[in-house]
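Consider the two complexes below, in which subunit A is the common component and subunit B and subunit C are the respective partners.
Showing the complex of A and B:
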């Protein structure tokens, strides 16, 4: 269980192609240490390696420019569609006398969710590896929550659905692309 | 690497480990070589980030081998020292030797 969790953690932290090599190396050394010093020591070593490796691996991803792509995918996959929908409904409301404000009808929120999921799916389709899909999903969730906070009062259920559906759709889009 | 740019401390260690290991230089072996020779327990992530940086500077080249069962069916990326890497090692050694020359550590306050 620990080995599996550490593998997933490192696969998410390391850059796309490199993740497989890092996890392969960790698994090879883990089995050597388990044979030499026992499984308990090997687990301790594995956890320490996972915790200490995340920062340098993420740093390398930032330096490689990969994070810029992740950020762009996050903006296009969540922040921009949510903001544009908000502006659209604001404009529609402004055309109706005495109906300006941030309150939205249920069907308008449903349209928002559909647009958000479609854009998030496209962001997911732009990823090549599991680790980059995970990074885009995190960026999409973070940017969606920031945008919803900026927009202001929204029903709790709508916020919950947006924050769950957007990253889930990114992961689904990425998975679908890898399958093809 | 431009003239005058020397290696960082950990880059130096990693490059020396790659030079020592020859054809067997990949992340886990580099990490172990540094650990066994210096007693420094480096994180595998730090080793890979450094190898990636050295590859970006053209000091090491890499090749990918076939996946093996002991690695959970994952491939291995091996690193080789390039001519520029060897030159960087020589220059860093010269710089260190020049700085060390005439120093007496017993007199330190």
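Showing the complex of A and C:
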């Protein structure tokens, strides 16, 4: 279980091209240590490796410019559609001759979720590897939560669905593209 | 990038279809028309006060913060009224609706022309019908035309929202009028 979790973590932290190599090397070394010094020592070594290599791997991704792409995909996949939907419903309520409050109807929130999922799926389609899809999913979830916080009071169920559906759709979009 | 472009084209097509649907829906006969009615267990003269007196209007029309009038307390055709609305969806800005009375038959009919330059113009009629036994029926009938091109396109969404708001307001009027026995 620990080996699997650590390899997923390293896959997510490393850049797309080198992720498989990094995980392959570490798994090879893990098997050798497990055979020579026992599983307990191998697990300790693996955890230490994961903690030691996470920051340099993430740093390399930032330097490679990949994080800029992830950030752009996150903005286009969640923050922008949520904000535009919010502005659209504000406009509609503002155009009511005798005005209305800031509460939104269920169908308007459902439209927001559909637009969010469509844009998140597009962001997922722009990814080529599992690790970049995971990074975009994290960015989409983080930017969606920041945008929802900026927008203000919303029903808890809507927030929960947005924060679950958006990253899930990114992963689904990325997975579908890899299958094709 | 091929998939992204294909999806963007599909999204653009979907937006065009939605815009086309809104445009077609905006051409229906009842576009911009609002109607709401309610039975109030109070005599017509009392219900009339709730629709004609500025201080009472402020109690049941949500987001109405002030009513300025030039009639010195007396209604009549040609009397001007400014309804000041707070727009919570526009940073809480105040918006003034310029109203002019075009029909005034107390305690049964009040019709106003309403204008917000650049936003909308229209009419709103309040009809109070005495039903006997101390009850009356209040009908509010409105017709609005939007000036902003995007608002015109969004009319099929705006009008049902306005209708729901009107129903909530008129229910509040009923509650207040019946509690004021």
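Quick note on the criterion: the second predicted complex is superposed on the first by the 177 of 180 C-alpha atoms of A that agree within 3 Å, B and C clash if a C-alpha of one lies under 4 Å from a C-alpha of the other, contacts with A are read in each partner's own complex, and residues count from 1 in each chain.
What we mean here is this: a residue touches a chain if its C-beta (ideal position, glycine included) is under 8 Å from a C-beta of that chain, and two chains touch if they have at least 3 such contacts.
Bear in mind that the values here come from a model prediction, so they are computed numbers and not experimental data.
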{"item": "Superposed partners subunit B and subunit C on subunit A - clash or fit", "value": "fit"}
{"item": "Which of subunit B and subunit C A:94 touches, first, second, both or neither", "value": "second"}
{"item": "Included angle at subunit A between vectors to subunit C and subunit B, based on C-alpha centres and rounded to the nearest 10 degrees", "value": "150"}
{"item": "Partner chain in contact with A:125 - subunit B first, subunit C second, else both or neither", "value": "second"}
{"item": "Shortest CA-CA distance in Å separating subunit B from subunit C in the superposed model", "value": "25"}
{"item": "Subunit B partner contacts - residues on subunit A that touch it in the complex", "value": "10, 13-15, 18, 20-29, 31, 49, 52-57, 59-60, 63-64"}
{"item": "Residues of subunit A defined as touching subunit C within the complex", "value": "89-102, 105, 118, 121-122, 125-126, 177, 180"}
{"item": "Residue ranges of subunit C touching subunit A (in the complex, touch as defined)", "value": "1, 3-4, 7-8, 11, 61-64, 83, 85-90, 95, 97, 114, 116, 119-120, 122, 142, 144, 146, 148, 150-151, 154, 157-158, 161-162, 165-166, 169"}
{"item": "List of subunit B residues in touch with subunit A within their complex", "value": "26-28, 31-32, 43-46, 48-50, 52-53, 64, 67, 70-72, 74-77"}
